[in-house]
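Data first, discussion second: the structure below is written as structure tokens.
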Amino acid sequence: MTRGALVPSRFAPVLTSLAAIVAAMILGGVFLAMRGKDPLAAYGMLFSRGLGTSYGITETLIRMAPLLIVSAGLLISLRAGVWNIGIDGQLMVGALFAGVVASAVAGQIANPLMWLAAALAGMGGGLLWALVPAILRVRWGLNEIITTLMMNYVALNVTSWLVKGPVKDPNVVPPQTRLIPQEMRLPDIAGSGVHIGLLVGLVVVLLVSVLFRNTVVGFMLDILGRNRQAAIHAGMPVNRLTLVALLASGALAGLAGANDILGVKGLFQGNWNPGYGFAAFALVYLARLHSLWIIPFAYFLSFLAIGGEMMARPLGIPTYFVEMLEGLMLLCFAVATYFERIRSPFGRAEEIETGPATAGEPPGPLVGDPVFEPVARSAGGRP
Amino acid sequence: MNRHRGRLGIIAASAVLVQATLSGSILAQDATPAATPGAGVTVEQIAVVTPSARTNQGWDQQAADAVDSVAAAAGIEPVVAENGGYDDITPILRDLAAGGAGLIICHASGYQTVCPEFAAESGVPVAVIENPGAVAPGLVADIETQAQEVAYLAGVLAGNTTETGTVGVVVSGEPPTWNYMTVGFAEGLKAANADATMLYSVIGEAAYDDAAGAKRVTEQQLAADADVIFGMGDGASFGMIQAIEEHNAAEGATKAWFIDVIGDKKVEHGDVLLSSVLFDYTGIYTQMLDDLAAGTFGDIYTMDVQNGGVRLLDLPEDLAQETKDAVAEAEAAIVDGSLTVSAISDAEEMKAKVAELFPE
Amino acid sequence: MNGSGVPLAAFVTAMLAAGLVAAVPLVLAALGEAVGEKSGLLNLGIEGMMLAGAFFGFLAAFQTGSAVLGVLGGIAAGAVLGLVFAALTVSLRVDQVLVGLAITIFGGGLTAFLYRDIFGGQNPSLNVDAPRIAIPLLSRIPVAGPAMFNQGVLFYLAFALVPAFAFVLARTRFGLQVRAVGEYPFAADAAGVDVTRTRYLAALIAGSMAGLAGAFLAVADLKIFQVGMTVGMGFIALALTMVGGWNPYRILLASVLFGLLRSLGNGLQILGIDVRTEFITMLPYIGIMIALAILAGRTSIPAALGIPYARGRR
Amino acid sequence: MANPHPPAPLSRRAGRGGNEEPIDRGPIIAMRDISKRFGPALANDHISLDLWPGEVHAVLGENGAGKTTLMNVLAGMYQPDAGTIRIAGEEVQIASPADALRRGIGTVYQHFTLVPNLSIVENVVLGDEGGFLPDLSAADAKLTAMLADFGLDVSPRTEIRNLALGQRQRVEIIKVLLRGSRVLVLDEPTSVLTPGEVTALLDLLRHLRDQGVAVVLITHKLGEALAVSDRVTILRNGRNVGEFGPDVMTGAAKESVRDRIVEQMFGATQPTETRHHGAQQSIDVSPGVAIKHPGHSEPAGEESRHSRTDAAFSRDSSFLGMTTSLRRSPSRAESGTTLLSLRGISTLGDRGAPALQDLSLDLHRGEVFGIAGVDGNGQKELGEVIAGQRAVSSGQIFLDGAEITNRGLGTATRLGIGYVTDDRLHEGSVAASSVTDNVALKAIGRQPFSNGFWLNRRAMDEEARRLIVEFGVKTPGPETAIGMLSGGNIQKLLLARELALAPKLLVCNKPTTGLDLRTARFVVQTLREQADAGKVVVLISSELDELMEISDRIGVMYNGQLVAVMPRGETDLETLGNLMLGGARRAFKVPA
């Protein structure tokens, strides 16, 4: 076995994603053709509008900011083996908090301070929303997939109630927080039309990258995600790490909400739910859970959303095409990872070492249990 | 290996930044010159952004259809950008502007901030819903709908039609428009039938598409003896209609009626449709085009009973004459100003008002 | 808001009925999910499968004018996605959560796209018969009778399927194999159970039931299709499966409680009892979390849930 | 293939006690030239094997010799890459375990294959072909009789999780017999049994043989094989290196057979078993002969490095020498001061059942404390409690007089308590992470790997490289995922990782399981050296010889209690074996 075979090219994982994207676009094209649309025209317009127009590029970059932040957060939880499906709810609560705080202090303190306050409030909101599933998981071993999902519905209702009542701007008819004047919102990057939220997004991704590459916490989160039992064995504070993963993920979702409020919307409206959650999932997987690859894929998905919208209307293609394409990409990605696995020497080794071994293990007491935390562990007296 | 990855990421990041800067300079080149207030503008293309699909035979469709018919009449091009959602619609606005839209209707109260800001930035005139504060000459017009007036007429209609004396209101959320109409309806009902009972149910928070939930709620209201349902639901309305149709199909049931809002479902559901509150935007859209040409755009445009912007769908032929008379009478009173309907947008105030009208 | 004139018996009947009918799609989807999870498959694609069932069921019924064919079409659509799920997670051993979410996204996009593309600006209703069938005698029981025994075919089917699923899981060879495969696939394999086949079948059942749940909504209950008309019911069904501890009867109980919580909320509103809408709406979701917290550790979860099985054969 | 003892001619079968069978009966199973490769490793290399009805056929070999792979091929779990299988003369493809069962081949796996949440009867009918509804009551009737025959006093409706391990194994056998198996394969069936249960099992196997079943006993324990088999096949490094037919097994004196088998198992020179029962002889394994995993290439320059493993071998070119040197060293137990004390410790096992009951123990500096016991009697839990891995429900733990009860793993590690788990794949290492990361795993929050917040990747890398060289770990490099390495190399790294933390006390749970002899020797010797350097080593092992070799004191666990603690000099294998049984009781009842 040569060393070259052992260490796959650093592009290899991303090539898998690219193959999946190409496959999905071909399938999507075939689908369009079957429905009597011209796929070449569609993709042609997608690229010409999304990449060939200034506003296409600008809007793509603006849309990237929240995607970057949300995905960086999701990455933290997924790398730690924690499923945070509650991104959307955390983002809503974070956005509401940011909207309330920002409009309350706008004009009374310097803008940068106001932004900071709002960003902190947004992170606090997202964190608060992730706290409930986090506690349920750590304290009662409740699976976070279900609880974070349920918290999304609760978030919709709670933010809606708040924005209709306690924090509503009394001077306007619709339920919304007080507007942050445009001149007090995040400024553009050197006259580009793209607000500095993009920079925040890039910095957050870089920080997350540093977290995993260079810090003890990141190292531990990675170990936790790869082998929970080994993390316990090595004396890592797994409960605290689980908590950190969910809370960090929630806080960043909240920050993304704050970013949209401060950079684009200027206020929080009832029922506002941009639904970045699913896109972030697709994105983080396509980036192969690697922090820095999030950047190009965020650009791509953002481009797809913006360009797709612009392409659909003139061609009479329902805008839902992009959503379908996203689903297709994930499905193709799933298939692609299989081929990647069987072709890689590590995949084979994994098969030998853990395949039959795992298969041969008697089912342990809820260890590695994806749905409930190993309750039996604590009953068994493990620290 | 790790170090390489790091470099890659930095390259990717800088590529993005470079593009951001580049796009800025491109934008600077092709920015549309701002319209000058006072000077007339000929609109070649009128566009509308709707939050949901235009096919919901409701809120979105009324605006989209109006844009189509106004454009046809004026011989200009209509563009309907549907499914805008409540997300940031700036990309859509930019795209519409780049496509040559001379007037953009922002057909959701959720767009009332982003659109004026976009107009200021791009110079493309826009019309928003329910934001009189944003009005700017030549740039931003505001559409106010006196929906409570026509809802009052619906209340009068319901009060005269009900045989059980119980009338239901089903809403798919509590947005301002629904609240205006609930209050108007309640006042009309009270005026027409002082002994009536009014039931009020919310399907859920933002349950605009929850047809199944709507059906359940409506069934419960029908069981509580309501025989006229005033339903404000968008997509959810289909669930209400389904409930009423099934109710009527049952043996020995008292026939129940549905009063719809914003849309005409007569062709398919004429058997249960008593009437519908129609928002007819053609008038004000035409007015806007005219004002743009004359250089007087940028005002509050009101749709009310008087100007026909809001009206009831033609009542069924076989409806009792006295009912028709009662509705006509109320309509006349509103038009001549002798009757004023309360305009309440807030959910809590709306509930207080209804409780006052129909005390326990 | 005056509820004084409300005919109480009929009103309570309607409240019960509304709660029960609301539970139907949840029960159907959750029963299928229970079989899937018992076999070790955690399917987050139910929402997408339900939408596919709703749309293709609607389409079939619309084209043929037959409610029966519509329901079958819905089941078929769910089954196809169930097979896709099985192919990716069982044969290719890809992460189940990833595949499930992908199917949910894809199902939502596909059905919305096709509905708009095929029906354009129209929102047609189905013109099919889905009559209520009153069961003699039982339907005359005061209050509960009309709620429970004067309903459509699928309503009865949903409730009849509960003991059927319980029986299949507990007593039949297939149920035995499902339980074994989800608990300890290696043992099942060694005993000669075809793990792959069993999980495929379970995924097929999970998909078909989700499709049936969707078809119930579009073909039987509402007779229309709407983009995103399942409004998260698939995810609720997923949660109810766990609240019900994979036991069909307890799933039924959980689903009915969920449905009743909603109809009770509506009932309170109608009676003029002023409760904030938002709190009523979110009550069932909080209820699920509380129920899960109470039940945590008391139900024994299928040990191999979410874990792909590889015999080690290439 | 060099086989000095060709098997008896296939056409005739020498019966036990001189009973001749008809000469036309051939083997029921004939495996020919079976090969099976896993990635780089050739697990089976042209192995041939014949199974005869009415015989117990032992397949002997060290861990990793290819026994289990061969049996998995026969069981339909794996498909062979090459070779043929004939059943009663007819060539067949065994496509799946179900197929194997249909063809009358029943396998009892090392890890039991009973579904814990199903009842006995459900497990028995599971996989049956048949109608929609399994006939449980019919199966009940058959089972009840059979359970009684097998000495099991339980209802067929008992859930498996409520049975003891020995009981479960019997249910396994019943299960495959009820499926009509004519061939019964048992993979290391005694590894989880008490000695009493072992005896009973061997009786049972003889009984089945007499009923005409072809019994295959896969084991690495020579004593068992000698006690029960009619025929022995020896595998080494994936090859079939010898076979002894009934003529030899029943004819010659046991001792001479043992010697010949040992020779086959360990090489051409005169090796002697040291890791199995009763061995007092010397063994000579010269590095040239030993233990090179097939297909496991070594990175360039490996030979030139002088690793501690190699040093161990050059210093003690014979185990006798080393053993003697160890035996010569005086027991240090009395001289050392107490480092760690357990007082009245009770705790629960993973499944919530009591695992330790009111246990007290003092550990002294400079000693190796050996813990013997049949699996499942609380050794693992005791090790975990000492190492701070498991919280106690009552009792106290003192380190140097200071109480550290339930202070958590972090504290234990900080105070210098190390632990090498027996589950190196799932607990000890993170397969997908690099060697470097695995090396740093336990001390990641401390110098030199980090300052508590920032990682020092360079220090991690340097440490990994140092340990790789010092412990002779075969890996392409420190960045290689640890899952790519062989079990022995992983074990070396885990031990190296603990030693690098310079613990005062080191708990090792079965550190030599599955290792090749050379690595096993290295590990054991390293542990002894640690103790000699004044540390405390707690060695949990199922290899009594290993315990006898390096321990200063040996404690025996039974039923969650230390039933005896003896200086090494005051005990012997027989005494230990007896104590492991819990006195003289033949216990089938181990708390589940």
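First chain written, first letter: the chains are A, B, C and D, and each begins at residue 1.
The working rule: a residue touches a chain if its C-beta (ideal position, glycine included) is under 8 Å from a C-beta of that chain, and two chains touch if they have at least 3 such contacts.
The shown structure was predicted, so the numbers you read here are calculated from the model rather than taken from an experiment.
Engineer: Starting from the defined contact criterion, work out which chains touch chain A and chain D both, please.
Structural biologist: Of all the chains present, those in contact with both chain A and chain D are C.
Engineer: Sort out for me whether C-D or B-C is joined by the greater number of C-beta contact pairs.
Structural biologist: Most C-beta pairs in contact, of the two: B-C.
Engineer: So the centre of each chain is just the mean of its C-alpha atoms; given that, what is the distance between chain B and chain C in Å?
Structural biologist: 34
Engineer: Which integer distance in Å separates the CA centroid of chain C from that of chain D?
Structural biologist: The answer is 47 Å.
Engineer: Go ahead and note the Å separation of the Cα centroids belonging to chain A and chain C.
Structural biologist: Those two chain centres are 28 Å apart.
Engineer: For chain B and chain D, what's the span in angstrom between their mean Cα positions?
Structural biologist: The computed centroid separation for chain B versus chain D comes out at 74 Å.
Engineer: Which parts of chain D, given as residue numbers and ranges, touch two or more other chains?
Structural biologist: As it turns out, chain D has residues touching two or more other chains at 72, 77, 109, 111-112, 116, 457, 479.
Engineer: Where does chain C touch two or more other chains at once, residue-wise?
Structural biologist: 116, 183-184, 186, 189, 227, 278, 281-282, 311-312, 314
Engineer: Could you pull out the residues of chain A that touch at least 2 other chains?
Structural biologist: 7, 156-157, 160, 164, 213, 320, 351-352, 356, 360-364, 379
Engineer: Report the complete set of touching chain pairs.
Structural biologist: Every pair of chains in contact is listed here: A-B, A-C, A-D, B-C, C-D.
Engineer: Please give the residue numbers of chain B that touch chain C in the complex, ascending.
Structural biologist: Residues of chain B touching chain C: 53-57, 61, 165-166, 168, 174, 197-202, 204-205, 207, 209-213, 215-217, 219-225, 235, 238-239, 242, 246, 250, 268-269, 351, 354-355, 358-360.
Engineer: For chain B, which residues count as touching chain A in their complex?
Structural biologist: Contacts found on chain B: 1-2, 4-6, 8-10, 12-13, 16-17, 19-30, 79-83, 85-88, 90-92, 94-95, 97-99, 109-110, 112-114, 117, 120, 130-131, 133, 173-176, 205-206, 345-348.
Engineer: Give every residue of chain A touching chain D within the complex, in rising order.
Structural biologist: Chain A reaches chain D through residues 1, 3, 6-7, 213-217, 219-220, 222-223, 226-227, 229-230, 232-235, 237, 345-346, 348-354, 356-357, 360-365, 376-377, 379-383.
Engineer: Write out the stretch or stretches of chain C touching chain A in their complex.
Structural biologist: Residue positions touching the partner: 42, 44, 48, 84, 88, 92-95, 97-99, 101-110, 112-114, 116-117, 183-186, 189, 227, 232, 235, 238-239, 242, 276, 278-279, 281-282, 285-286, 288-289, 292-293, 296-297, 301, 303-307, 309-312, 314.
Engineer: Of all residues in chain C, which touch chain B in the complex?
Structural biologist: 1-7, 10-11, 13-15, 17-18, 21-22, 25, 116, 119-125, 132, 217, 221-224, 226-229, 231, 233, 262-263, 266-267, 269-270, 272, 274, 277-278, 280-282
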